[in-house]
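The data blocks that follow each hold one structure.
Both complexes below contain subunit A, partnered by subunit B and then by subunit C.
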Partner chain A sequence: MKARYLDLFLSVAAAILLGLGASAVVMLFLGKDPIAAYGLLASSVIRDKYTFADIFVKAAPLILTALAFAVPYKASLFNIGAQGQFYIGALVASAASLALGNKVSGAVGLVVVFLAAVAAGGLWGSFVGFAKAKFKANEFLVSMMSTYVALAFMNYLLRTALMETKHEYPQTDSFAQGLWLPLVVGGTRLHLGFVLAVLIALAVWLVIYRTGFGYRVRVVGLNPDAARLAGIDSRATYVATFFIAGALAAAAGFTETNGVQHMLVQGFNPGLGAEGIGIAILANANPIGIVFASILFGALKVGGVIMGQMSGIPASIVEIMEGTVMIFVILSYFARAKLEGSREKRELRRRMAQ
Partner chain B sequence: MIQLLANALLMSTPLLFGSVAEVMAERSGMMVTAIEGIFLIGAFAGFVGAFAAKSLAIGLLAAVGSGLAVAALYGWITVYLKQHQVVTGTAINILVSGLCAFLLRVFFGVPIIPLTVEPLKRLPIPFLSGIPGLGPVLFDQNVITYAAYAVVPIAWFVLYRTSLGLSIRSAGENPEAVDVAGQDVNAIRFNLVLVAGAMGGVAGAFYSIGYLGMFTTNIIGGRGWIAFAICFLGNWNPLGALAGTLVFGVAEAVAISMQSSGGGQLVPNELLIAMPYILTIVLTIARRSFNVPGKLGVPYMKEG
Partner chain C sequence: MGEAFVEMKEITKLFAKVVANDRVSLAVGRGEVLALLGENGAGKSTVMKVLYGLYRSDSGKILVEGEEVRIESPRDAMALGIAMIQQHFSLVGPHSVVENVILGNARGVIDARECEEKVRALAVRYGFDLDLRAPVRELPVGVQQKVEILKALYQDARLLIMDEPTAVLTPQESENLMAFIRSYARAGNSVVFITHKLKEVMEVADRIVVMRGGAVHGEKRRSETDEAELASLMIGRELPPLRPPAPAPEGAPVALCLEGVTSVDRGGVERLRSVSLEIREGEILGIAGVSGNGQDELCEAVCGSRPISAGRIAMEGRDLAGVGIRGRIELGLGYVPADRHRDGLVMDMSLAENMILKSSFGAAWRRGPFLDRRRIAVEARKAIEDYSIKAPGPEALAKGLSGGNQQKLVVAREVEACGKVIIFNQPTRGLDLGAIDYVHSTILREKGKGKAVLLVSTELSEIFALSDRIAVMYKGAIMGIHPRDELSMERIGLLMAGVAAVGASGGGPAAGAGRAGA
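Now for the complex of A and B:
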């Protein structure tokens, strides 16, 4: 058991290094010095308090969208629609914040906005689970397509009902200050959303690993036949896990609108859903691992932008890093299975020799 | 009306390439979840090739080559290393999207006016294009669309009327039997992924150099996934895929013509844009009995 955890840790660490190494090769082809670039990336994120705190600002929504993939994944379901669920959450959070205006602010107002966003995202997400449970519709496709529908819906509302008062840009007015998520560290952008995301990750871990519901989800994921024989209603699991997934991604919409932007801007954070999937894979869908993997991706994002400004390497190198890291993590699954197999064989031989 | 149908065929072309490619690969047991990335890299490489060499043919070749390269990476990880197909595809799609955005900046910087190439011209076929009604719809299209006419019959013939097709279908239903018959299941699957990569590359290039004459990083915008969906909806059959693509082609052509004719006052533009995606959801829910290849998405593990 212990050796397996060591394998896991070492192989993920190796995968991250190899992924960054592969991105370094891309830089070399362009005649850029990757060592200087990575040095710049690392030193820039710790150069001041504001930049360092930004890592956690970026990590907060990533934690939530990664969880939105991870929870259905535990039931062997694929939620590719976190991006759309995120937009629905952001839309409802914005609509609620604008409706509340200055009338209700502070903790009560924020709780109302949060609950509205999470409920809407949950309902939006649970449609996918419902379609799967009731009509055996492929959840992969339905969730994927629902993102584009949500995007169109957002664009429509930003052109009509929610558009800012001057009617110039596809965005909303700024929210009343009373509905901004409070800052955790003064002089930075770090808001309560990161703390919220970490707490939610802990809660998800508890639910998945320490409750009867979580147990049923995992049984459905590992062996649907056994689940059926044990009297577990897998269809209820489909709806419930997708409700949770939608709610989680919508919570990210809330942290981004009320915590960072303080308004809704058309098509913001377009890569959040896909990056969430990458993070969930990197962390093997473990909620605690997801927190750390999100911080890593957050650091890459923050450092990548600064590196792009200072060294002339386009900031999209970060996406290449994320992609190569993910590929090497997948390769590390393969390597780990090999290691595991050979260790078991050695053990078997040792026992037989005795 | 004729213009609408001609546009519908035009917009169906890349989806037909993509969905038939997906059908072929899935019949062998391989979901090509990297299809969105393959479309995107095809669009990108096609544009870069056409722009640099001032030749659409070179662009097309570059698109095929890049599609093959991405498919080879995907196939290696999923077929030979037996890793999860959805997970691998997601990783590759992110990587490709980063790579295209990155290389676009590196090659072209931030141009003030968007860079363009002259898109593929229509090539009316003499006599045939003169047939009233049908002629302008079927025989006044570009070369890629003409090639698309051949894709379905060829795919159908290969799958159902050749021993190769039998091997492909068996690799998806009963790989053990293929193995016992002395054929290499993994090689069959890997090659089918490559075929899908080449066809997906062409499909992607259609958007950049066949139609728009330019490249943006969101040019594909989920159309790879629509091709993926059409494969499901078309019941893993090239003829079904043809029917599915025509439905989507008509939907897209209607959306385009309503946008340009000012129909936006009646129906919000965004609803028209969302139409193909809503249609996919509705059809996915409505299609009940699926003819899923038995071992779709399951890596072949040899006993022993």
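Now for the complex of A and C:
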């Protein structure tokens, strides 16, 4: 058992190093010194309080969209639509915030905005589960295409009802200050959203691994035939997990609009859904692992941007880094299975020899 | 033995957690039928898969006609004249017999007529009567097996390995297969016949190699041994005598009742044809039949996972129409499905989690909003003890248990949760004798407690050992329900092959036979 945890730690560390190494090769092609660049990356993220806190600002929505992939994944379903669910959440959070204006603010106002966003995202998401339950539609495709519908909704509303008062840009007015998520560390951008995301991750873990509902979700995911014969309605599971997924991604929309932007800007954070999928796979869909993987990716994002600004390396190198790290971490699963297999064989031989 | 065609020396094969073969040595001569006898999990199939190139051994060597060879794939094996017929056939369903037979060496442009002629010549030579142009999926299992054999013959196989070939056959089809094996061997070819059935061994083998726990545990010429000796070699102890079950109580209330149950699948095929039966409390009704004649469908209809198009199912007098799977579980219907891997267990979950598979809805396992993991673990530990499941603990994953212990886990869960009616579908398939014995005594114990048992099995000995009454199914219909004492092996064999009319004149109360065609 101990050896397995050691394997896990070493293989993930090795995978991250290999991923960074592969990106270093790309930098060499650009004629840049990767060692200097990584030095810069490492030093920049711990340079000052503001930058360091930004890691967690970036991690918060990643935790939520990764969870939005992970929950249906536990039922062997693929939610590729977190991006659209995120936009729906952001859209409803913004509309609610603007409607409340200065009339209701503080904790009550934020709770109302949060619940509205989460309910809307949940309903949006559950449609995917419903289509699968009712018409046996492919949830992968339906959820993926639903993102484009959500995007079109957002574009439409930002040009009409929600457009700022000057009618120049496709974005909303700034929300009333009373509806901004409060900061948890002064002098940084770190808002309550990160705390919320971590709490939600813990709650998701509890639901999946400690309740009867989560148990049934996992049964459906691991063996749908046995689930059916046990009287578990997998169709209800489809709808429920996609409702939760939509709600989680919508919560990310809430933390981004009310915590960071304080308004809604057309097509912001376009990669959040895809990155969430990567992080969820990286963490093997474990909610606690997702928190750590999101922080790692938050650090890469923050450091990468600064690295780009200071060394002339294009910031898109960060995406290459994210990609290579992800590929190596996924390969490490297979390496671990192999290690474990050969260890058991050695053990067996030893016992046979006796 | 004469000249050895194939020799295997000191073959050792390790899987991650088990020694599948431990220094296995054996040889097959020309013109010889070698039976590889052993229980499930004894390593018979594994050592033959090494010979056929499906597995690579960790040590040991293989000699063909005295020369050491490397066999790394079935292609290598085939080139040496070695062919293997797996337990599960590898045929392309929609393709014709000819297309399937030539699959292994179809290169470039195929001359359909020439191929067909060659296949026909082979079929005639071995007396196989089959329609060469029929799509394979439309053929009965016994004929599909002939296609597999033709495939091997077409490749000029000189050694035919057959893995449990009679498992899917009627007694009559088995007879034909035995005749083929004898004539094939007489022509100078060799056969390795993998089985755990003693009767077949005595019928067809020249020499017998007995395996147990991955190693060779004895080698006998057929003329020098008998079934009793082979059985004790196979299991390491004498066969336990079968206990006759206590007679069913007269006039006990009917626990499960089916009336004219018919089920039509999506393709319009009648899977169940007007099935009627009754099981009383404390009674075991055995359903015999060749697999695939509606037994699985019958179990599914009762447990609620298959819709019925006509008829009525009632449990303790209560009509089950409109009651779903979950509702029937809650009414106390237990079901041990035939395929425990697919239907009975969640392999990647722990033993404790598998124990609550059917009862996770109820309040029994809850504490506040959460599952009461301590209580579940206590319950699982109790099941491990009561059912002598060999497992490290309640947290062990189901997939880490042996087949027998997995089955005990399913049986434990279903028996503990079930109220009055319990279905056992092939409860001992793939188990070793110890586990079989355990499952059998559990079934009898539950009968003693007054539960009604529907027992489906393709093992006639199991049916005869446990049942109070026996029904035979053929093509979705019940060919008749008889008290156990009024049925002979011959008669049941005929019923299984669907020849009710001929046999019926021989007498015997044909309680439900009249309904078969209704």
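Convention: the second predicted complex is superposed on the first by the 350 of 354 C-alpha atoms of A that agree within 3 Å, B and C clash if a C-alpha of one lies under 4 Å from a C-alpha of the other, contacts with A are read in each partner's own complex, and residues count from 1 in each chain.
Everything below uses one rule, namely that a residue touches a chain if its C-beta (ideal position, glycine included) is under 8 Å from a C-beta of that chain, and two chains touch if they have at least 3 such contacts.
Given the structure is predicted, the values throughout are model-derived calculations rather than measurements.
Residue contacts after overlaying the shared chain place A:L348 against subunit C, while subunit B stays out of touching range. Of the two partner chains placed by superposition, only subunit B is touched by A:N138; subunit C is not. Look at A:F334: by the touch rule set out above, it reaches subunit B but stays clear of subunit C. In the superposition on chain A, A:T188 contacts neither subunit B nor subunit C. Between subunit B and subunit C, B touches the greater number of residues of subunit A. Using the contact criterion defined above for the overlaid structures, shared-chain residue A:I320 touches subunit B, although it does not reach subunit C.
Contacts of A:S105 after superposition: neither subunit B nor subunit C is touched.
Residue ranges on subunit A touching subunit C, taken from their complex, read 206, 210-212, 215-216, 218-219, 222-223, 225-226, 228-233, 340-341, 344-345, 348-349, 352. Subunit C makes touch with subunit A in their complex at residues 14, 16-19, 22, 303, 305, 324-330, 335, 337, 342-349, 353, 356-358, 360-361, 365-366, 369-371, 373. On subunit B, the positions that touch subunit A within their shared complex are 73, 77, 81-84, 86-88, 90-99, 101-102, 105-106, 221-222, 225, 228-229, 232, 268-271, 273-274, 277-278, 280-281, 284-286, 288, 290.
Subunit A meets subunit B in the complex at residues 26, 30, 78, 80, 131, 135-138, 140-142, 144-149, 151-153, 155-156, 159-160, 271, 274-275, 277-278, 281, 314, 316-324, 326-327, 329-331, 333-334.
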